[in-house]
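Attaching a single structure in structure tokens format; questions to follow.
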Amino acid sequence: MSQCSSIKVAVVGASGYSGEELVSRLLHHPCAELAAITSRQYAGQPLNDIFPRFTGQDAADTLEFTEPDPSILAQVAEVIFLALPHGTAVEYAQPLLAKNIKIIDLSADFRLNNSETYEEFYGNKHPAPDLLKRAVYGLPEFYREEIRTAQLVASPGCYPTSILPPTVPLLKAGLIKPTGIIADSLSGVSGAGRNTDISFLYSECNESARPYSIPKHRHLSEIEQELSTATGESVVIQFSPHLIPVTRGILTTQYLAPSEKFQSETEEQALGEKISHCLETAYATEPFVRLLPAESLPDTKNVTHTNYLDLAWRLDRRTGRLIMTSAIDNLVKGASGQAIQSFNLMCGFDETTGLL
Amino acid sequence: MSQCSSIKVAVVGASGYSGEELVSRLLHHPCAELAAITSRQYAGQPLNDIFPRFTGQDAADTLEFTEPDPSILAQVAEVIFLALPHGTAVEYAQPLLAKNIKIIDLSADFRLNNSETYEEFYGNKHPAPDLLKRAVYGLPEFYREEIRTAQLVASPGCYPTSILPPTVPLLKAGLIKPTGIIADSLSGVSGAGRNTDISFLYSECNESARPYSIPKHRHLSEIEQELSTATGESVVIQFSPHLIPVTRGILTTQYLAPSEKFQSETEEQALGEKISHCLETAYATEPFVRLLPAESLPDTKNVTHTNYLDLAWRLDRRTGRLIMTSAIDNLVKGASGQAIQSFNLMCGFDETTGLL
Amino acid sequence: MSQCSSIKVAVVGASGYSGEELVSRLLHHPCAELAAITSRQYAGQPLNDIFPRFTGQDAADTLEFTEPDPSILAQVAEVIFLALPHGTAVEYAQPLLAKNIKIIDLSADFRLNNSETYEEFYGNKHPAPDLLKRAVYGLPEFYREEIRTAQLVASPGCYPTSILPPTVPLLKAGLIKPTGIIADSLSGVSGAGRNTDISFLYSECNESARPYSIPKHRHLSEIEQELSTATGESVVIQFSPHLIPVTRGILTTQYLAPSEKFQSETEEQALGEKISHCLETAYATEPFVRLLPAESLPDTKNVTHTNYLDLAWRLDRRTGRLIMTSAIDNLVKGASGQAIQSFNLMCGFDETTGLL
Amino acid sequence: MSQCSSIKVAVVGASGYSGEELVSRLLHHPCAELAAITSRQYAGQPLNDIFPRFTGQDAADTLEFTEPDPSILAQVAEVIFLALPHGTAVEYAQPLLAKNIKIIDLSADFRLNNSETYEEFYGNKHPAPDLLKRAVYGLPEFYREEIRTAQLVASPGCYPTSILPPTVPLLKAGLIKPTGIIADSLSGVSGAGRNTDISFLYSECNESARPYSIPKHRHLSEIEQELSTATGESVVIQFSPHLIPVTRGILTTQYLAPSEKFQSETEEQALGEKISHCLETAYATEPFVRLLPAESLPDTKNVTHTNYLDLAWRLDRRTGRLIMTSAIDNLVKGASGQAIQSFNLMCGFDETTGLL
């Protein structure tokens, strides 16, 4: 593990599932010192009372949830993770940025470049549109250099993380058309957060599979923004999320149209080689993207509790489509693990520190 | 419940999950007498030793698995359900049909009209191609009259049952295009059968979601056959099955292209009314198809242990697509319940007998 | 099914899991007409909006939740099921009993004979101690005749239903000692109700097993009351409930001390025959208690969605103990099914009506 | 992390769940080099084909399953983990011990001191009774010093690991009686191994809870051996294992009889302090035993994927009993984690290396 001096960090909103995962990873991060964890609901209570899982892990035994006070936070931490609901993060980001604190925000508040798109998808005017320009979209596979020097990183949503890396390199290479893309995703229940809602009770989710928020889930806004950026034209896609009875994991199946036809076995093979080459060029050296071998397909259980994104594809000569499948852990690569990837980049650490 | 005289029935292959569900339903069917259940593996053992769940339910306590001997079966039963693996059913169907027994086959052996398609998808020559012409595809919503007089019913696969009823009426009405159809399905693990295979152990399926058999699952053959029949032209579709950790249930999300554009709210509303009208015309009086109210989406837990197919759709003006979602219990409407629907039709009983 | 004239019934508190199960069973009960369902939370909404599962089942499509107004309820129903939280049921029972309505209460409000025990276990003075004397404990296997003529039935708790029937006949026969009894129970999450509480979210219960409320769970009060009644002396037992990730089901393992020693194989066999004889005498003709065959042990999956209680036992010559195991569905035999058993008895119907 | 020179290790039987967990931990162990993994079933196949989860983790990408040949294994590894079925481990242990290889065996083959007890519980004569004397029972909390110098460690069974540490210190201190102990345990399905058996299919275990192997499970033999060693007298206990639908985790509830009575609050408090003191003396400095705070009870989800054993207790003045509850991950502290604890001790590493 690389040598590193310890950076003081804080997690604001540490009592949700993303917050818990951040705390879990940061407690063991060799170059981070977890200086504060906040939770309005649990302020004053020891971390271990709420998450007994952490008991005995050094620093965990002395941590206590506090009220999220930006001026205090700015004194104790150099980098602050915001794991707050959409619309709340911006309130904390503003004063902290003003004090030159580096922010990694896991909400949707800073993911969109365009405040009008924000308003269309989130239903209210963006409270700090000027900050949108300062934020870097925290997908290291695409924005590594920008993240290194960012003061404000908008860590991507869980679904976009499962959808963008498999697709963007192919779009950029012109191998698939930017039209007609469909992303069909299955998500574990932790994606709904650690909030009381009858819909997410055990007895409502067990032995249940259901679509929701179709056809216009909020994550479409950032997915389409990034696909449009990649192609230079306005991309509109179909995205259908489903809830399935697992705690963690997102599995996405995408239906893509190759730019060239492949009606013979030879053409299929030629196209397959181009796709392989494109994805290998993009990801062979990426530490957290795994291109599965030819016979394999992703399974969420192979990526849960890891920061990996697994990826496999099939050409279907019968329909002329490319089927792209991917799996991540929604709380790790889809949230807190990816945020720590950005943290490592921002601090000059090895990008995989605390993540393998 | 309608008056009826009792028909003697047998279940060949009664120790699998479809067989178990057939036994469960037939034990309580007011017009059926379960005269024999067979299982090579358990021949000689009482039903309740293998399925203790049935204990105490009258006839269940005296039933015993026997070897599946066609000549004996022909003596004790008038209608025989075959719940056997693909390729095995045909061996029993032939001698039984010769003795004028009515057969409801739950395997794929008689679902295809065309023995070449069978060979393409199942990998071997069909052993009795002449029988294919005699078989009726047992989807009562489409073939009710043919089933009434059939001697051999080929009960549909679980996936096709979730895919065809939502789509066929729209295709027939010309409301959607026959090209570019995508069906993305999630299935419970009971669909894999009651067979030993490491892949279906609890610890392999729990906390797991995975695609399989893409892009060319065998059920494509019957789906495409029925879509082609509906439209009068050769239809090729995309179909992607996924395994999720529920015991029962299939959820299917289909991506369809309406024949007409709908770029304004008015056009969307007009198209929506046509779709509504088409589906209501097709299904308002169907006992087992439920068109969900406008705000609802299907959830497998609302159909498990029932013979219902739940159906809801959304138009997406952004992409120009129609999203069709449906849910069934793979073992009931997707297998044994639907087989009993055919049984009721073949015997002149009320179609819902034993199914509500 | 037996001939019967239809009795008008109502379910007060129909939006919880016990309420839902009552509605499900009463909709199909050939001698009951579901005249009203109440829910403060959902008053004014159709049943099917909250429980889409019921859609299409005749009466279900016209039912709507109403405010629970006793004077209106008394006008529309002859028998009323109360599926309310503890402490609330009594408020409705009083005015309804005053109007000669028959009440089957699924809460703990009327299960105890003694208001002091109520106060000890439920923490507040019983608001209507006089009613305690009028209530019959609704365990038909023990109080069948009393239930037939009762105006107020206190339907037992789920845990007591899994614990009492296996033990009481042995205690009465003097085959086991009334001291040192231990009941160790596992319950599905639906037992915690359809209420928002972080502890019962899917992500908190999945992959989790935990004891709770030890050593003094409230159900101890009724268990000990009934064991004391059976023996004529004051019985105190150990009871440890645990939560496990299933929706439905209770599995109980009890540790009992036979009154006689069995140190040789012969003694073990002799004692075993006495136990067998005792249980068979008690339950051979009971429709809902199943004594499993010698080699079998209960499994909750064999009783879920049924009104059965499955029961098996083992003598352990090494320790001198009798191990008694039992399984029920907490929402059926442990709540709503058993309440309907009482309903059938109170109305003079066959006890199994609507329950097989 | 402590400095250490790398020790070459091998895992024999690496394709089961314990084997997989060993591989997972050893791949990341800073002082171990995984030199060989064997599997008869998968010999010749890359590790990642069978466990895609490991892909990308350095050494994992080059590992391949081999045939388990002792003479080859003795050349490549200094310490060998045997993760084989009972009865098979001894065949490999003998030749390897002869070549001075250190062995950590996860089977039951060397756990018992007494070959007669082995025969009573495992049904066949022990094939190498002389080796039993050389083996050290690998529960570091009790046999730390012996493990350090052992050549053959018999790593404890999963159930015993959840039962012994909570009980032995109290027995040794004379705080509880050695008679009448009852251990009631719930286990995840991975405990049944990665073997094909209909009983452990997803659809058989989901929504199921069931006792098994009562009253005489094989693990009783080692539990009673260790309790007898602790007390100096022959201890016989009651042990009831149950299978519940989680992949990982064991929860054990034990019913114990304190040596002294506690009928007043004062007596209860005095006894409670003695118990606290005893457990704190035993475990305050143990890295992997966590005494939960007063209000808490164990939950398997707090220990899964960790090497912790969580422990909490309650005195019940009503019954005079001490209720002891504990939770472990059956594959970590209950198998592979504990084996690595022994490995660390045998090699002189910090005991927690690779386990936090």
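The letters A, B, C and D name the chains in turn, as written, and every chain counts its residues from 1.
In the analysis below, a residue touches a chain if its C-beta (ideal position, glycine included) is under 8 Å from a C-beta of that chain, and two chains touch if they have at least 3 such contacts.
Just so it is clear, the structure is predicted and the values come from calculations on it, not from any experiment.
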| item | value |
| --- | --- |
| Fitted rotation between chain C and its twin chain D in degrees, CA, nearest 5 | 180 |
| Pair sharing more residue contacts (C-beta pairs) when B-C is set against A-C | A-C |
| Chain A-chain B separation of Cα centroids, rounded to whole Å | 39 |
| Chain centre separation (chain B, chain C; CA means) in Å | 37 |
| Inter-chain centre distance, chain A versus chain C - centres from mean C-alpha coordinates, in Å | 46 |
| Touching two or more other chains - residues of chain A | 204, 206-207, 245-247, 299, 301 |
| Touching residues (chain side chain B, partner chain A) in the complex | 182, 184, 186, 204, 206-212, 214-216, 236-238, 240, 242, 244-249, 251, 253, 255, 297-301, 304, 314-316, 318-319, 321, 323, 325, 327 |
| Chain D residues within the chain A interface of the complex | 28, 48-49, 52-53, 55-57, 206-207, 287, 290, 292-293, 296, 299, 301-303, 305-306, 308, 310, 356 |
| Chain D contact footprint on chain B (complex, rising order) | 17, 188-190, 194-198, 200-207, 245-247 |
